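Lettered A, B, C, D and E in written order, each chain numbered from 1.
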Amino acid sequence: MSKLTGRRSKKAGLSPGTLIYLGSKRTEEVKISLMEYDGDHVQERVLKKSEEAFPFKDLPTSTWVNIDGLQQVEIIEALGRHFNIHPLVLEDILSTGQRPKMEEFESYIYIVLRMLSFNEQEAKLEDEQVSLILGPNFVLTFQENEGDVFDPVRNRLRNDKGKIRKAGADYLVYALIDAVVDNYFAVLEKVGDRIEFLDEQLAVNPTPEVLAQIHDLKRSILFLRKAVWPLRDVINHFQRGEIPIFQPPTMIFMRDVYDHTVQVIDTVETLRDIVAGMMDLYLSSLSNRMNEVMKVLTIIATIFIPLTFIVGIYGMNFDYIPELRWHWGYFAVLGIMGIIALGMLLYFKRKKWL
Amino acid sequence: MSKLTGRRSKKAGLSPGTLIYLGSKRTEEVKISLMEYDGDHVQERVLKKSEEAFPFKDLPTSTWVNIDGLQQVEIIEALGRHFNIHPLVLEDILSTGQRPKMEEFESYIYIVLRMLSFNEQEAKLEDEQVSLILGPNFVLTFQENEGDVFDPVRNRLRNDKGKIRKAGADYLVYALIDAVVDNYFAVLEKVGDRIEFLDEQLAVNPTPEVLAQIHDLKRSILFLRKAVWPLRDVINHFQRGEIPIFQPPTMIFMRDVYDHTVQVIDTVETLRDIVAGMMDLYLSSLSNRMNEVMKVLTIIATIFIPLTFIVGIYGMNFDYIPELRWHWGYFAVLGIMGIIALGMLLYFKRKKWL
Amino acid sequence: MSKLTGRRSKKAGLSPGTLIYLGSKRTEEVKISLMEYDGDHVQERVLKKSEEAFPFKDLPTSTWVNIDGLQQVEIIEALGRHFNIHPLVLEDILSTGQRPKMEEFESYIYIVLRMLSFNEQEAKLEDEQVSLILGPNFVLTFQENEGDVFDPVRNRLRNDKGKIRKAGADYLVYALIDAVVDNYFAVLEKVGDRIEFLDEQLAVNPTPEVLAQIHDLKRSILFLRKAVWPLRDVINHFQRGEIPIFQPPTMIFMRDVYDHTVQVIDTVETLRDIVAGMMDLYLSSLSNRMNEVMKVLTIIATIFIPLTFIVGIYGMNFDYIPELRWHWGYFAVLGIMGIIALGMLLYFKRKKWL
Amino acid sequence: MSKLTGRRSKKAGLSPGTLIYLGSKRTEEVKISLMEYDGDHVQERVLKKSEEAFPFKDLPTSTWVNIDGLQQVEIIEALGRHFNIHPLVLEDILSTGQRPKMEEFESYIYIVLRMLSFNEQEAKLEDEQVSLILGPNFVLTFQENEGDVFDPVRNRLRNDKGKIRKAGADYLVYALIDAVVDNYFAVLEKVGDRIEFLDEQLAVNPTPEVLAQIHDLKRSILFLRKAVWPLRDVINHFQRGEIPIFQPPTMIFMRDVYDHTVQVIDTVETLRDIVAGMMDLYLSSLSNRMNEVMKVLTIIATIFIPLTFIVGIYGMNFDYIPELRWHWGYFAVLGIMGIIALGMLLYFKRKKWL
Amino acid sequence: MSKLTGRRSKKAGLSPGTLIYLGSKRTEEVKISLMEYDGDHVQERVLKKSEEAFPFKDLPTSTWVNIDGLQQVEIIEALGRHFNIHPLVLEDILSTGQRPKMEEFESYIYIVLRMLSFNEQEAKLEDEQVSLILGPNFVLTFQENEGDVFDPVRNRLRNDKGKIRKAGADYLVYALIDAVVDNYFAVLEKVGDRIEFLDEQLAVNPTPEVLAQIHDLKRSILFLRKAVWPLRDVINHFQRGEIPIFQPPTMIFMRDVYDHTVQVIDTVETLRDIVAGMMDLYLSSLSNRMNEVMKVLTIIATIFIPLTFIVGIYGMNFDYIPELRWHWGYFAVLGIMGIIALGMLLYFKRKKWL
């Protein structure tokens, strides 16, 4: 049940810092792309080997190396060795069930985020681990899968001659985090649409399938919370200026992302309450239906059971049943039964069952 | 589903500080009104262009510029540039899904509030973002829609020669926040009336429609909480004297608004508990009804099913059924059945089912 | 719905410090009573006008002015002006929906309490706002209604020559708060008795009326919490010695009231849990009853429906039904039906339905 | 309803420090016992009058005075006067509904504990207030009832020549608190046994009686929590070395009791969750039973109602019903009905109702 | 009920520090194994007597003594005496119901952990107490049972010539804690698999047995939480560098274990929410089934009861029932009944019962 708990146990008993990729192989091939820029220029390259990235480490400009796909452990290992990354960090990059966190080391900081997407066909939340390493003049990012969430940042690097190129590696990390958080809003909107859809279903036709879907949605929101709550603490550290690598001008932007994260959490909590309310509503609509069914049964049974008894009486074969001999007996009985039925109906009317 | 999550995703990937209005266009036309005052005089103007407000920035008197309607981004942009407002703030003014917050900048503070109203026809809570910017001698306010919540403040500015005109821009911000919070009490009263109405409905006739309405109310209260809780923290900052722009005399008044906010929160929480209790009550009244229905069915069935069996016996066509030949057999059977019915009724009486 | 939210909206848009009485007019006439005392003497007076109280402000002895009834705003206004009370405080005295709080001013402190009583006839909690103002040598108290909770304190002032007269105004405030908190214990006992009563009802005969009463009680406890929780924080301030107007000897007594308040909160929470448990119990006893009813119906139906079918068979009018011609056919069928009925009963016995 | 709220209201309006015993008279006669000891000797005495204890106050050795039974207020008063105990403390000793607390005075500290016992016959939790006063060289303990929880401590004083005699009064208080907390483990085990017993009952035969017992247990655990939670804070003060009267060597032992208390709280919370789960289980087993009952009814009714209809058809007295004249008509109808019944059974089988 | 509360009461009244083993005897024989190592060598020994371990205490190398089985109290006592362990610690080692904790003493620290395993046959969580004592150059570990969780650490000591041998006793303790926490991931995966299995069961066939199993799982998770939550605080102390015995290089590794623990807690909480959701789902699927059953019953009854009444009418024996004499009367009645049945079916169709 990798969805619920991951498969960390593969690593039980290994020495800390042993590198094993725990996720599923998502990308066909590992893709290493590099952007090197400063206020004046930008160059982009797709690398064949991680070694090609090494010389950039000592340039005065900023460099961003992005790895899509983690299945080739040796690439991460080589990069880690060259950029002086602690083995435990490399291990965490590959253990793709981490909760969002930030760890500060002497010459760099390590950030884990969860990148989310809502698969609308299956109405399921999918998530992926994104690791960021921010050094003095470089940023390394690791994704399990090739995605398009960072594309707008790439475009801004390519086109904007302004802020982002001049601002250095810490601003790039801000921009990447911001892209991830902005993406949460998109996911939340899809979840919101899904809720609206199920809400309508619930009003029209509350089948067990709708319940199952609400239940699935509830679980998705559970995972959403798990991804978002710890992120707030992470960004809070940046915003409060506790991490010297983030310079004051970037900190104002960090405050903005912090705000967005709090807003995401707020919305997640609201959606959670709404979905919980939907399950209650489903159950009570079930009770309502049951009540309605029972009323129909009771009305039919209560009217006809006594009447059936009466006709049963006159179906008895006793030699001497005086009424049977009366000429209008049959119609009299029909009339009496009609009156009884009417009386019953009035009684139900008064009880508001009709 | 703009109600649940907003439409922030429109902005995903844009550079921070890009100005796009996220709300729905509510007001026909953007209205810019300006009040300039000090202890001695007050002047009011409706501006055609935001540029007309620029000269007031450097007057020694206090100036309040109010914008109703945010669809014309260039107006906000022009104002922002002239009054030196940070692009991220302008972005937030236009992103109308913000939670209440306060941000301090070097020469001004930025405050976001939610203005609420309870639409009694549809029994729905509506809300709108109000942004306030307080500079040394000016206040800028931005509303999505033309409203009347600030009218009493305007009237006091026009008529009262006392406190409000002499007290400066920080007191004006207090007065505006106070107006918004006072408005919450009005909303809470309407919600309270709604609860009382549904409470009566619940006692008289607990239909599924009542449940749906309780459910809607529950959701409204959810949004109410979301608007009010963060406000407390915002005002708490002011009241504790952490924001130098608020002078001590205004701080006593801020303590008063703080009190009101806490009272609003208290009431919201109480209403929430009450509404939760109403859903429980609905469900149990449903169970009660079901019980009642079942009892009627059971009583009728339990009395008549055995009797119908008896009359069935004497409707059999066996050649030799001695009782059928007895002259008083019919009446004997009627009598026996009467006794059985009576016995059953007594049994139900004893079981307290009647 | 004044009960749930108050009618604060009457004041929306008014200038802060505007005095309007928000409560209902409870007392026939406003009653102003005054006690002036020191270690040696005590004098009591009933005042016609608030002006009569003014000279006492500057006496070296302690003075307690108590106002019962708030409908005459001018009395409060005159007192406030003479004793230098801030207009916002006077406003709060008249806005009778305040939560318990304490506000410190330069020369006096202002305390709001809720005085509770449990109306046993209607099983409803009633509450009233009590405002206390403690100055250097005077205490002003404001009640909505003439009550007897402060009588024991009056008696101690009249009779005890000891502590209370010598100890000054801060000790008097302690004594008054203590009287209010002691009164909570009385209210809790009545609520406890009510719970015990409903508990018995629940065991004997769980009617929907009992549920409605439990529900009402639940709401009462909700309001009880709302009155008591903030009080703890208020008294905690006193007990920790943060308020210089309370002298060290009084602080030990304040610790005692603090303890009592915590005990009240403890009990309120326990009662709340108990009442919540009672609603669960009601619902499950409802389910139990339903089960019992269903079992009776099922047993009756399951025994007689097959038998009725059998007698129906021999009531058919086919020309050739061999059994009908057998001499003992009737008795054989009766016997078979008896055996079937017995079998059914044994089956139910084994299933523990009987 | 003394169980739920106590009878504190007896004291409403009395001057603080007035001594009235609020508990029920449990012990026949008040018993005053005294132990005086140091590293070398121990002497035990049963006192007739509290005055006999006075001379021990000034001995260099440690003295423990234990009072069983609080109904003779004058004994407590006399002791209090001689040992300089604050009247509010004496009042608290007699007000036997206190929550656990610790109060520090200049020359002594006052500790309130709840001593619990689980009455297995009635499956009820009983509790009793134990007050401890620790002075420089004496310990006073007050119990409502003569109990055996302190006996092991007495025995250790009598027999152990080691630690306890040498360690002074603060260690004795530790030993007494430890005895009380150890006793909680015994109570918890009984509650645990009760849960296991009810758990089995629930599996075998979930009658309403079992529910009532679970409900009672739930309430007992409520009171258990109320007794244990505040105790943690009390002991935490000792353990953190904030109370100078406890010397460092005793503090390590206090840390041990603290651990035990946390463990007790942990277990109480676990038991609470377990009991809550049992109530859910009961309700769902009720629903299960209901389902089973309904299925039996539905199967019987659904098979026989159509058959009864068919036999009813051939019971009609129309002059011309061709089937009635067929020679094998009766058997044909029987066969058809058999087929219908079989079909129904197969249908139920497929629906997993059988 | 040792599972729920342990059997601590055995010790009630004993002097603190009295050594009694409270667990069940799990291992056949107590096994004492010793590893002594430094960067250059490692030696392993299985000891017959605890005395053989004594000389190692004063070696400059690191020594790890592991005891499997606690039933021979004298072994623990002897070790304790030689290594200067406080009697309360020895007592805690033997009282096998401790919650995870860390206690600092002058020359060593004492750590309690819970080692968990999930018995897949019985779907039950089993746990065991592991005690660690870390001195300057030695580590003592105590397990109730011989287990294989520490084997990977042993292997690394044997094989790795690197870090672990050079790093000293504090790193060994880290490695042991890491092994225990890694083991939690394995347990969580098994619990996750169990949840997935029950989830499927729930979808296919929600029998009461499934409910009972969900209920058991819920309880297991309760115990899981109890074992894991306090562990976080324990490790947090290490990670924050508050414990001088842990040297800075080890602290980075401790931060890693801390992360894992937080991740375990996160997952436990998620599983808890999921299992709670499953119980809700079970109950609603029960209601769904009930609804379905009721619908079938109602449809059958509602169609056939009126028809049976009609055939009953023409089964009456009145002398004069004109319809009976009509030649096509029988078929007319059959036709009418067919129409009624069809009408009913259409009605149910429209009501979405079919």
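Couple of notes before you dig in:
Convention: a contact is a pair of C-beta atoms (placed from the backbone, for glycine too) under 8 Å apart; a residue touches a chain by one contact, two chains touch by 3 or more.
Nothing here was measured: the structure is a model prediction, and the numbers come from that model.
Chains that touch both chain C and chain D: there are none. Centre-to-centre separation of chain B and chain D, using mean CA positions: 42 Å. Note on chain placement: the centre of chain B and the centre of chain C lie 26 Å apart, centres being C-alpha means.
Shared contact sites, meaning residues of chain B that touch two or more other chains, fall at 283, 287, 290, 294, 297, 301, 305, 308, 312, 315-317, 321. If you sketch which chains touch which, the chains form one closed loop in which each chain touches exactly two neighbours.
Remark: ring traversal beginning at chain A, heading first to chain E, gives the chain order A, E, D, C, B. Against chain B, the residues of chain C that register as touching in their complex are 1, 4-9, 11-16, 86, 88, 92, 97-99, 101, 103, 205, 208, 211-212, 215, 218-219, 222-223, 226, 279, 282-283, 286-287, 289-290, 293-294, 296-297, 300-301, 304-305, 307-308, 311-312, 314-317, 321, 323-330, 333-334. Interface residues of chain B facing chain C in the complex, by the touch rule stated above, are 151-153, 155-156, 160, 163-164, 178-179, 182-183, 185-186, 188-189, 191-193, 195-196, 203, 252-253, 255-256, 259, 262-263, 266-267, 270-271, 273-274, 277, 280-281, 283-285, 287-288, 290-291, 294-295, 297-298, 301-302, 305-306, 308-309, 312-313, 315-321, 352-353.
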